[in-house]
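You will see chain A twice below: alongside chain B first, and alongside chain C after that.
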Partner chain A sequence: MKSYDVIVIGAGHNGLIVASKLAASGRRVLLLEAGDTYGGMARSENLFEGFLAPELASNAGGISKDVVQDLGLNKYDLLFNEDGIKTVGLNIENESVIFGSNFGKSIEGIGKDEFKRWKELREKFFNQSHLFQSLASQIPVGSNHKTFRSKANLFFTAAKLRLQGKEQFQELLRMITMCIADLVEEELETSSLKGLISFDSTLGIKLGPRSPTSYLGLLYKLSQIKASYQEKSLSINGGVTSFINALFKSAEENGVDFIFKGKVSSLIISDSVATGVKLENGVEYSAKTIVSSISPVNTFLDLVGAQNLETDLTRRIRALRYSGTTSKLNIILEEIPKLHNSQNLGANYRYVYAPSLDSVESNFNSLKYNELPSDPNFEMYFSQISSESSLNGAVMASICIQNTPYSLKGDWKNSKEVLMNKVISTIQKWAPEFKKGILFTSLLLPHETEKKYCVAGGHWHHSELQIDSLYSLRPTFGVSDYSTPIDGLFICGAGTHPGGNLFGLSGLNAAKRILRESTK
Partner chain B sequence: MTQLKDKKDRGTTFSKPLFRSPFYDFFAAQETEGHWYDWNGYKSPTILSDEELEYFSIRSTSSVFDITPLNKYRIVGSQAEEFLNKLTVRNVAKQNVATVKYTLWCDQEGFVIDDGTLFRISDNDFRLCSQEKHLPWLIDTSHGFDVEIIDESKHVCGISLQGPTSASILRLLGINGIDNLKPFHLFQTKISNIPIMISRTGFTGDLGYEIFMKNNVANKFIERVWNAGTNHGLTAIGYNALNMARIEAGFIVANIDFISSDHAIRPNRCRRPDDLGLGWLVDLNKGFFNGKKAILNSKLEDSEAFKIYALEIDGKEPAEGSVIYYNKKDEVGTVTSAIWSPMAKKSIALAQLKLGSSNSKMENLWVEIYSLKELQYHKLMKKVSIVKPPFINLARRSACPPSNC
Partner chain C sequence: MQSVEKNFDVIVIGSGHNGLVNACYLQKAGLNVLVLEKNDWIGGAAVSRELHPGILYSNCSYVCSLFRPEIMRDLELPKHGLQIVAIEGGTVFTRDGDYLASFRNYHAKKRELERFSVKDSESYLRYSRDILKQCRFIQPLLMRTAPDPASFKFRDLSEMLYILRKVNDLTASELADTVRFWTMSISDFLDEYFENDVIKASLAVSGIIGTALGPMSPGTAYVLLHHYMGEVDGSIGAWGYARGGMGAISKALTSSFRAMGGTLLNNSEVEKVDIRGARVKGVILKNGDEYLAKNVVSNADVKRTFLKLTDPEHLPPNFIKKVNNFKIRGSSGKVNIALDSMPNFPVISENNPCLKGDIHFTDSIERMERAYDDWKMGTWSRDPFLDMMIPTLTDPTMAPPGKHFMSCFVQYCPPKVGGQNWTKENKDAFGETVIQQIADYSPGFKDKILHMEVRTPKELEEEVGLTEGNIFQGELTFDQLLFNRPIPGYAQYRSPIKGLYMCGSSTHPGGGVMGAPGRNAAVEILKDLNLPDTDIRDAYEVL
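Up next is the complex of A and B:
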């Protein structure tokens, strides 16, 4: 049996970060990946005629600055565009709202008074997101709750919050569990602006704008903006792919060994100590430290097995909400379609179809009852394809469709087509040439994501990012500090704190935790 | 099937309808001065005729007690043994077929959830009997094991036949194999075509048997037993008599002598097996089981927890609910169960005491008993000595074959 210091399971961005960081400390690291390439849910797939692009992740906005700096990713040609991505709130009837980068620092298409109110509201939102931002790079309180360091961390975080002043502190406590609908309806008038904010607060989680705590979704998003390059209105040149490539290069350079198509079937555990892994093809590897970047559900129930875990823990893991709520539609077009007002669709724009708060809420209502939304909301990015193939000059539209049920009432057979057509005809209304230019379409539903990307429920975040599953409750109480009851086994996936898109702090925090705890 | 109370008995809408065991009619017919209580949702007797006579039937002749309200779980499947090894603290691999073991199960902190008896009927077929309800816990624990958990509480009924003449009664019923049945062993047989499972177990510290059967044969069975017991002093008893016998035997009861970790609201009320004096049940050499890590860790720390002790108390007053003092002034714990033991001829008690790790306090313990005499309390301070349970040790409990009397 070949032996390593560390085995990392899953070559998603968190897995790559942990592997690279631990390898940099001089450990011999093996990274095992079930798929045939690195990147996890952000990996590039052969979409159409040899054209490679990320099938799922389309937004490289939320990448943590800490990760880039800590791993020195800049040296791998990770370039930044000066102008950040603006968001266009699509609205068929009225003029579209253009939401400036850095979450609406400037807005085109609304009145002066409205903008003034928005400015105040935005400032409040950003102030309150501070809590999340300061917690994001901390190792949560968990089984380590007795250590001085975690007590001190908690104390200083609480003190920092309180020192903002009594009024601000009370305002945070008042607002933190509210729904985003109440907050925006109190202050704003523009329907598409309210729709846009509701959409951003609830994308990727199973809440509607009128669900209590949906404001937290927004705070979470804003804290990511603050911790990423978006705050400086920078965006990564080459998007998701160049980030993932930089991570891979970094890991490779630090001496990480990779095995692709090496799906782990189980961990080798004796007496609650993990000593190695067993692959599906029967090969075994041993290591003192094993880090799983896959979903906590898969890690605990499939790899460790309920036989090796306390009933209390398996109960909590099985009770996690991890059904994905978002599907991904990729369309390849001959060229960038023109808008009906003959404006060009730009690559620097994100287009969101969420015309009103009610539209987002009624979409969510359909999801609650496992039905397809009648008028689905979505966000869309365009990227120019530059390759040597015949596709040169073509354009890819990556579309995230919100509120797609994991288990649809009825059959997906026809509904898949229906959902796709609904989205296309919405775009068509406002870009009449769109349909004509379509070369290729593919729709990936949550249950298909589950299968293809080996993630329970096909959930972006591995488990819901909601108030009951954040910080020391993420993925669940008792395993929130990246360690597990199985000695030698750590978790570092999106299901751990702070999780979320391509943030990367889960991996970085876990690596720090492992470095602090164990010697080689 | 068990039935709810008759409509006319149900009283007001807010009264709690109680189940009746299939043996209810039989026990109700034995009642002369009855007191009933709610045991696990069943109407069960505390006293049927006379508490003391009922108690002495356990020790001198024979007693029959309805154990139907116990929770009975059937655990079947190719991984039943592995599942039970995760659930309970004992090593089930070491339990032979056709035996019964007393066992307990813990949560992740190593705190005891409940105790019970585990019957191994065949390699892959077990019955677990417990005081409290645990179906969700069992089902959640069974995740990942090829095992089926069936709550047969409402379909299987049972009686406990305890006392020196109990073996003779079963012999009269024509049951072969009673002579060879060792304590904590079981076998399945038939009495005039009534299929039953007999085990030599009980909660009295005396010679005795527990017999389980399907509900539909309950009446026929109890009639036969009752007739066979006519000349052997067979008496129907309620819980109070049994409780006296179990205290003498030094057996503890969940939520009386300790609080199940399922029920405890205050964190310091939970107890580990060691605290209950049941550390010997825990097999730390077997594989993973619920609570193993916490139990191992707790052995490294100085335990500050309350522990259960068996006490003998000077004088004749039973010390139910009394406070125990060190050096007559520092409170160290409370009595959880106590009686005047007719067999040991002593005032005996089970108590939870916090004595610290040193044994120095053991020599200077006192109990404050408030004895009510004609409307006036007499405050007594009595000397307490810690003893090793059981309070009484009866040779007939384990004699094999049991004597013919």
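Up next is the complex of A and C:
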């Protein structure tokens, strides 16, 4: 049996970060990946006639600065350009609202008074997101006794917030569990602006804008903006692909061994100590430290197995809510379509169709009952396909559809087509030439994501990113500080604090935690 | 009009149960207290009224559990005629013609659950144990003024310390469970224990009653607690009928208040609180009368108190904005029915004790949530959730033999229909929706109706004075609980105006016929007046 210091399971971005960082400390690291390439849910797939592009992830805006600096990713051709991505709120009846980069620092399409109110509200939002931002890079207070440092950090975070001022602190305590609908309705009037904010607060989580605590979704997003290069309106050249490539190069350079198509079937555990892994093809590897970057459901129920866990933890893991709520539609077009008012659709824009708060809420209503939304909300990015490909000049529209049920009432067979057509005909309303230019479409539903990317429920964040599963409760009580009751087994995926999207802090925190725990 | 003196130590606006509790405690402490009530009956939303000859209606609140036993004993309410009778059981009728009964006897209840799911009947023990733990944690907090976490005053810091110590008493896993419980939706919470839809629906009821939230909204698990943390005769979570209808509570409180020498005036609607130079002078009535007092306590909700009864010039603009932003959402209505005879439910025998409790027809969480979706879109639920009671089965004093009073609490019912005021047609259609649902399960029901009173949020607002008809005087979401209730920085029953206090359900710990806000406000007022509060005993000291 081949032996390593560390085995990392899963070559998603968090897995790559942990592997690279631990290898840099001098450990011999093996990274095992079930798929045939690295990147996890951000990996590139052959979409159409040899054209490779990320199938699921469409935006690398939220990558943490800490991760880039800590791993020195700049030296692997990770370049930034200065035109931050603007968001256009598509609204047919009224003029569209255009959100400047950095979450609406400037806005086109609303009145002066409304902008003044928005400016104040935005500042409040950003101030409050400081709480999340400072917690994001901390290792949560865990269940074991070595958490004095974490507790002290928590205390200082609270004290810092209080020192921002009494009024602000009171507002934070009032607002933090509120629904985003109440907050925007207290201040704003523009329907499409409210729709846009509601959409951003609830994308990827199973809440509607009128559900209490949906404001947390926005705080999470804003804290990511603050922790990433978006705050300076920088975006990564080459987006997701160049970030994932840089991570891979970093891991490779630090001496990580990779095995692709090496799906782990179980962990080798004796007396609650993990000593190695067993692959599906029967090969075994041993290591003192095993880090799982796959979803906590897969880690604990499939790899560890209930027989090795206390019933309390098994019960908590089973109670996780991990059904995905978003689907991904990729469309390849001959060229960038023109808008009906003959403006160009640009590559530096994100288009959001969420015309009003009620539209987002009624979409969510359908999701609750596992039904298709009648008028689905979505966000869309365009990217030019590079000249090296045979599709020279073509563009890819990468569309994320909100509120797609994991298990549909009835059958997906015909509904898949229906969902796709609904989205396309909505786009068609702005871009009359859109349909004509379509070369290829593919829609990936949550249950298909589950299968293809080996993620239970096909959930972006591995499990719901809601108030009852944050910080010390993420993924659940007892395993929140990246360690597990199985000695030698750690977790580092999106299911751990601070959570999903292409953020990277779960991996970085876990790596720090492991380095703190053991010398080698 | 009877002649009364015009000078008092304290004036309480509104004779709701909290106003009366507050007045009793202050009178007991030696102050001269006047209670002013706009209606010609007493009790706000805790009333019994004879709306049909011989039949008493609990036409607003209809059951009792939360009313704190400490208050009952402090104010000697049993001596003044208050008697609470525990409710026997409850039942959910299902669409497939079956029913799920619940009984107070644990074994009977378990057997009944087993009929639907053996696994769930086993989980039920774990579930009730976990809920009870949460009740134990919160109960002592009900009878204490919430500390202001943003303040550095000694009393706030020491009260925070008290709470932190209580939190520290929990084990890490209990703490984790508590945090989750306070923030989860009742639907997700029940999913962790149960698999059967009917069982889940029957337990989710307490998570939505009175709130403008559906069972799938985060925070509703806490609302459940709000209906569980009460007790009858020391049995936590039990519910009871006040003998003689809910008005019996107001009656006993009034009797206790008058016995101590307090003054209560009906038909005296307050127009304005008289404020001179940033402090209270008294109140001016609609009829022009003025009563003087250095302290005025408002039992009205926070919006009515500060947006209607107080001139805005006396309040900081920031405070007014926050009052405006306080969420009071009418979400429920009531249909009160006098019946010629006991309605017939074919699947169940007339003498089954489960009919003595709450009767529901909503047999899945999805139906509840869809009822809520209708409300969100601005209309009453097409398939409403009903919480029905026939208190006359337990309390024969409310109706002549054979006749019955039936109380139907209806969720969800908006304060306005599609943004427009309620019309008579709307109201009739709403009543018809409710009656039809009952008739679907009880053949011949419509023929038994002697008299019927339909109450939408509009009537509740006009008659009782509850803004938007919200029975809790404000949503019970976390942004409006504890130190946030009603407004951050003003959670200790005081207002920006010296001498003006709040004691209604808009304040901590919130709604339900509990009496705790009235009692806690009395403690704070006595503190300001430098009077001893020895007659107000701490939670559980009397038990």
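What we mean here is this: the second predicted complex is superposed on the first by the 514 of 520 C-alpha atoms of A that agree within 3 Å, B and C clash if a C-alpha of one lies under 4 Å from a C-alpha of the other, contacts with A are read in each partner's own complex, and residues count from 1 in each chain.
FYI, a contact is a pair of C-beta atoms (placed from the backbone, for glycine too) under 8 Å apart; a residue touches a chain by one contact, two chains touch by 3 or more.
Not measured: the values here are computed from a predicted model.
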One more residue to check, A:T314. First (chain B), second (chain C), both or neither?
first
Who touches more of chain A, chain B or chain C?
C
Identify the partner contact of A:S272: answer first if only chain B is touched, second if only chain C is, both if each is, neither if none is.
first
With both complexes superposed on chain A, which partner does A:Q384 reach: first (chain B), second (chain C), both or neither?
neither
Contacts for A:S106 in the overlay, against chain B (first) and chain C (second): which applies, first, second, both or neither?
neither
Which partner does A:R210 contact after superposing on A: first (chain B), second (chain C), both, neither?
second
Would you check which partner chain A:G305 touches, where first means chain B only, second means chain C only, and both and neither mean what they say?
first
Given the touch rule stated above, what does A:K368 touch, chain B (first), chain C (second), both, or neither?
second
What part of chain A is shared between its chain B contacts and its chain C contacts?
312, 315, 478
Under the stated contact criterion, what part of chain C meets chain A in this complex?
149-151, 172-173, 176-177, 179-180, 183-185, 188, 191-192, 213, 216-219, 325, 327, 366, 369-370, 373, 376, 477-479, 483-484, 488-489
In their shared complex, at which residues does chain A touch chain C?
143, 162, 166, 169-171, 173-178, 182, 186, 207, 210-213, 312, 315, 319, 321, 361, 365, 368-369, 466-468, 472-473, 477-478
In the complex with chain A, residue positions of chain B that touch it:
82, 86-87, 107-108, 137, 140-141, 143-145, 287-288, 290-293
Looking at the complex, which residues from chain A come into contact with chain B?
271-272, 301, 305-315, 318, 478, 485
